[in-house]
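Scrolling down, you'll hit the structures one after another.
Shared chain: subunit A. Partners: subunit B in the first complex, subunit C in the second.
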Partner chain A sequence: MSALTESSVARSAKRVKTTTPAPKVAKESPLSRIGAMTVMLVFTLYFLVPIWWLFIAGTKSSSQFTSTNPLWFADFNLFANIGNLVAYRDGVFLKWMLNSALYAGAGALLATLFAGMAGYALAKYRFPGRELLFNIVLGGVLVPATALALPLFLIFSQVSLTNTFWAVFLPSLVSPFGVYLTRIFASASVPDELIEAARLDGAGEVRTFFTVSVKLMFPALVTVFLFQFVAIWNNFFLPLIMLRDETLFPVTLGLYAWNSQVNQIPELRGYVLIGALLSIIPLIILFLLLQRFWRNGLGAGSVK
Partner chain B sequence: MRITKRAATVALLTAATVALTGCSAAGGGTTDSADAADCAPADGAVELSFTSWIPGIEEVVDVWNEANPDIQVAGQTGPNGNGGTYANFFNQLEAGNAPDLGQIEYDALPNFRVQDGLVNLASCEGVMDAKADFVDWTWGQVSFNEDDAVYAIPQDSGPMAMFYRADLFEANGIAIPTTWEEYATAAEQVRATGAYITNFSQGDINQFAGLVWQAGGTWFGNDGDNWNVDLTGDESIMVADYWQDLIDRDLVSTVPAWTTEWDNAYNTGAAWTWNSAAWGANSIASGAPDTAGKWSVSASPQWEAGDEASGNWGGSSTAVFTGSEHPYEAAQFALWLNSSSESLTMLNEAANLYPAAVEGLDLPVLKEGVEFYGDQPIYDVFAEASGQVSADFVWGPTMTQTYNDVSDGFKSAVSGNGTLADALATGQTSTVDALKAQSIPVAE
Partner chain C sequence: MSAPALPAADARSAAPRSPAPKPRKIKVSHPKAIAVFIVPFAVLFTLFYLVPIGYAIYQSLLVVERDGTFGKATEVFGGLTQYIAVFQNGPFWESITRVLAFGVVQVPVMLGLALLFALLLDSPLLRGKRFFRLAFFVPYAVPGVIAAIMWGFLYSPNLSPFTAVTSNISFLSADLVLWAIANVVTWVYVGYNMLIIYSALLAIPTEIYEAARLDGAGQMRIAWSIKIPLIMPAIVLTGIFSIIGTLQLLAEPQVFRTFSSAVTSTFTPNLMVYSTSSIPNVNLAAAFSVVLALATFVLSFSFLKFTQRKEGK
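Then we have the complex of A and B:
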């Protein structure tokens, strides 16, 4: 995924600079076409079968779950299962979904804004220490979030913020990869002349950023948003360490907590399965919606 | 969510190790909780926090809160102990914001004890008097058999017995085994019908420990100065060789426990018995729904005919953490939680907890016949087993590591590399090394 984005960003960047004529489409042999299709088909299956399994498992009652074909339907109990899940313990699952939406939605939005501003500043303003700053941010890309969870816990303990909304939300606002991506993109797709023109027209720097540059950087910003949203949604270790209060849990941690109880309370297994199925739906919707948007943006950016 | 179980475990272990290192580094500053804490009631109303992983514990806590306006408890639930809550406890102890009370399984208590994480409740009013209210061996688990020491209040227990398919044994004319020798013979007869007598679960080292416990073995000891590690004692090796023989002769299946594969083996009659704990009754009932009414429970097979010994698998306690400002009130709550019949009934209904309190064994819910087991009052068998568990079995301070090392060895043994006894020998060495690495005195 990330390789794909980087290369498409790099490609569009190249086009902006050199404005080469559209590349010739080489006739490809049917053999290589079939080969490529086969490889893609295999990978598609590889990624989709687990989701299919999860969907099928979600439609089964707990007794049929073990005794019927795992990849095909038995009696269709999807809605009954969802109903049970939502009713279990006063709808704590819905609370978790809401929490996840809030952590990931608001977190990704702010993270994108911060990353966009930082990346833009690093690309367009010359100031001492610029490269050093950028390199430090790049270093941040290399540090896995999991490794930071424990130090963050100790720091948050100092200010008595553990087991609060902020303990998960604040660390989510940081996206070094976003800064990297927006910087690369801004230096390629926001022409200095345009900023100069905006300045001559009397716009301040902040206004130029929000009215002119953001529009040109939009594809990159959407990408950063998507990445950050998925990263926060799937972030499991930080909430695990930070939170004790069940009502603050994101859905990943909540389902994990249930899953750890399956030995003693086997009926939870059904809830975990159907819950996992529901918990990936927002991600799928977001991808489908934004992907189109993102491709449009890329296309528009490259023609100008 | 995409994190695999293995990766999660590794991450948790790393975190736990970091926390442990942190703890031992800062250990000099903390007060020594080994001395019986000064345990006086507070003047006014107090608020306590309590972390557990029993879904539904909040309702039990609500009952307490209603009756005790001056001691309000906030219950919180999360993943189970080894799923992250223990690591969190250690982190919180290090950061000084641990909850007042926490659920800790018996096998993890020594770990918290050596890190000075637990308050000795012996001087709290009513705690020592409560000793008689709990089954002897469970009190041994929380006092480490020291005098004047109580590091937690026993909550639940897992006395072991044998679940078996009564219908299949009868239909095939196979006698219900009462000794392990008969069990091996029965295993051959069952295998002749195409099924397996049971499944030796490669990952469940706790079950194996329960079998060693029954055989009279012990894995750890503490003489006050040094820890003894004895994973390769005579009893352990006897149990290991016994199961190795059954595995070698293909008389037991070896699928990982708690998987669909495993459920299916029981659901389809491919496995006939399960040597498990009281809380396992529900695991079968929900994992093998098609076999309702066909199961029964009898006492565990014995090593010598006529013996009456039982092992224990699982069970947890409620501990008060170092740093709690209200150990007195916390102890009162823990005693109520784990010995009042009201609370024990609720815990049993919410999470199938099998009580550690003596009177808890006579709860009305535990006297009824259970439909899944052909209306047999199965908990009578477990109540009897509970009284037959040895009080000598002690857990070590690094059980997570011990479990992981031994179960890695078990997995290779099951696939034909080495034996169960080899795995125990490896576990012995690595456990001694782990203790030394944490500067825990160990006798060799």
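Then we have the complex of A and C:
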């Protein structure tokens, strides 16, 4: 924090636009720059060293895992390790990754569509019960998903749907936060005049939404998609409580199951580590690809 | 986030001012389109949010009765029997106290760090902002379960790359394991909260600072007196989500059970729900769920009210 106090020494403003030309462009004191950079670099280590360690561990054979420097390469066995992992137990790990991709990809896509439509209708149409509906949905934002896992299990067991794909997939199609975010975003970014113009051109309401409004709401929709994707990919309690059949597991539950057997089956340790490494790659890629969108959309919910 | 606060009161206080307080029928245009937009979400929300909540409350009001020790079990209405059991359940309240202690320490530390990083990213003091923003956000891509497995190894007294530390300090002991878990949660979520706060900072028009700079205010002063008050809604939002997350802790402690015997099956309220339901005693587990959801709701709601009142002053 001392880094910031130092900067109060920098008295005059930086890049001031005044009628008289600013006599001197003041810079922040070098001390505060150094302080700020030090803080950030130290925490970069905190955030990245664990992942670096996981990567290094993934490149090592199990004998070298304990005998060589944990933070630097030994013989490069990454691809051999991946090959072994994929071959283990008829490729159950690949199955888990595909399951996760399906639960999260299809689930987040549909959840975004439904939330976007509802948010748009709440923002752009007047109908009785609109505010009530919005307030119920907002209450839903405050109800944590984990609190619903057990009652969902009880209901799904009434209709004999536990231990199925649908038991995990269907509940993840609901995103109250998505409705909240898209409503706010649609109010601000889709002008009524534009909808009116589309009406005059003879386009139907639903068509207008898909051809015109969706484009304007795109940053918010990408944000909702991303949040929902992460939420489903990371979901643990619901699959834990719903699924018994290993072939339906998402990757988090699968690796959890292996990790809890490490004491009985020590060879699993290597598979858990390389599996953990592979399981975080899809999300990192998704973040990088969609960076440009979530950077802008992320603030939409909190600024208003 | 001001919308959920007091919708009823707002409507009432607004009524005398509005010129047409009489209930009038709003003519709904495009009812078909509205139905197409609303119905899919409404049906799913009802089925997978409202019905489960109702069903949990219903289940929590039942008790299991048996004819003799080995008789057939039947569920009968038991009133608040399960809730009395909840309130008399020592381990449940211990678990609540544990996550509250966790939250009182972890949430301020995490949000304090997130705020500090966001302010530094927004200040002219740093180079390589893009890099820092990404590097700090990357842990959010690691699912809680995976992060817990990874840190479990990092804490291990013999497998850790930091055995010099971990062989001397037992992070997995009964005394420290809660804070070891707090570190995992902080590691995952600081970057996420930082980004929410940072995007709120980006939304502030820079002209607002210029006057302050002309008056000679430094970065610290600008951050404290201008930026932080303006981004308060974002901080409150992250606060609420963090409180909810804390009370719902499950994945991380569940994973840590394989690393440390100090994490029991009643370590957090949700672990309690899980272990009670697998006994199986679903009625008591349902009652735990309802009490936990209510506690979460009350806590996040009062936090919201509290911060709003402070802002109002």
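One rule holds for everything that comes next: the second predicted complex is superposed on the first by the 248 of 304 C-alpha atoms of A that agree within 3 Å, B and C clash if a C-alpha of one lies under 4 Å from a C-alpha of the other, contacts with A are read in each partner's own complex, and residues count from 1 in each chain.
Here is the rule we go by: a contact is a pair of C-beta atoms (placed from the backbone, for glycine too) under 8 Å apart; a residue touches a chain by one contact, two chains touch by 3 or more.
Values in this document were obtained by computation on a predicted structure and should not be read as measured data.
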Which superposed partner A:L161 touches (first subunit B, second subunit C, both, neither): neither
First, second, both or neither for A:Q264, with subunit B first and subunit C second: first
Contacts of A:L54 with subunit B and subunit C, given as first, second, both or neither: second
Touching partner for A:V174 - first (subunit B), second (subunit C), both, neither: second
Partner chain(s) touched by A:A101 [first = subunit B, second = subunit C, both, neither]: neither
Which of subunit B and subunit C A:A115 touches, first, second, both or neither: second
Partner chain(s) touched by A:I241 [first = subunit B, second = subunit C, both, neither]: both
Touched partner set for A:V214, first subunit B, second subunit C, both or neither: neither
Touching partner for A:L290 - first (subunit B), second (subunit C), both, neither: neither
Broader residue contact with subunit A after superposition on the shared chain, subunit B or subunit C: C
Overlap of subunit C and subunit B interfaces on subunit A (superposed complexes): 66, 70, 146, 150, 153-154, 234, 236-237, 240-241, 252-253, 255-256, 260, 262-263, 276, 279-280
Of all residues in subunit B, those that touch subunit A in their complex: 1-3, 8, 11, 15, 18-19, 49, 51, 53-56, 76-80, 83-84, 87-88, 91-92, 94-97, 99, 258, 260, 263-264, 267-268, 279, 282-283, 285-290, 351-352
Residues on subunit C engaged by subunit A in the complex (per definition of touch): 1, 3-4, 7, 26, 28-34, 36-38, 40-42, 44-45, 47-53, 55-56, 59, 113, 116-117, 119-120, 123-127, 132, 134-146, 149-154, 158-161, 187, 190-191, 195-196, 199-200, 202-203, 210, 213-214, 216-221, 223, 231, 233-234, 237-238, 240, 244-245, 247-248, 250-251, 254-255, 257-258, 270, 273-274, 277, 282, 285-286, 289, 292-293, 296-297, 300-301
Subunit C partner contacts - residues on subunit A that touch it in the complex: 1, 3-5, 7-14, 16-18, 28, 32-33, 36-37, 39-40, 43-44, 46-48, 50-51, 53-54, 57, 66, 70-71, 113-115, 117-118, 120-122, 125-128, 131, 133-144, 146-148, 150-155, 170-171, 173-174, 176, 179, 204-206, 209, 230, 233-234, 236-237, 240-241, 252-253, 255-256, 259-260, 262-263, 272-273, 276, 279-280, 283-284, 287-288, 291, 295-296, 298-299, 301-304
Subunit A to subunit B touching residues, read off their complex: 62-63, 65-67, 70, 89, 146, 149-150, 153-154, 157-158, 160, 162, 234, 236-237, 240-241, 243-246, 249, 252-253, 255-258, 260-268, 276, 279-280
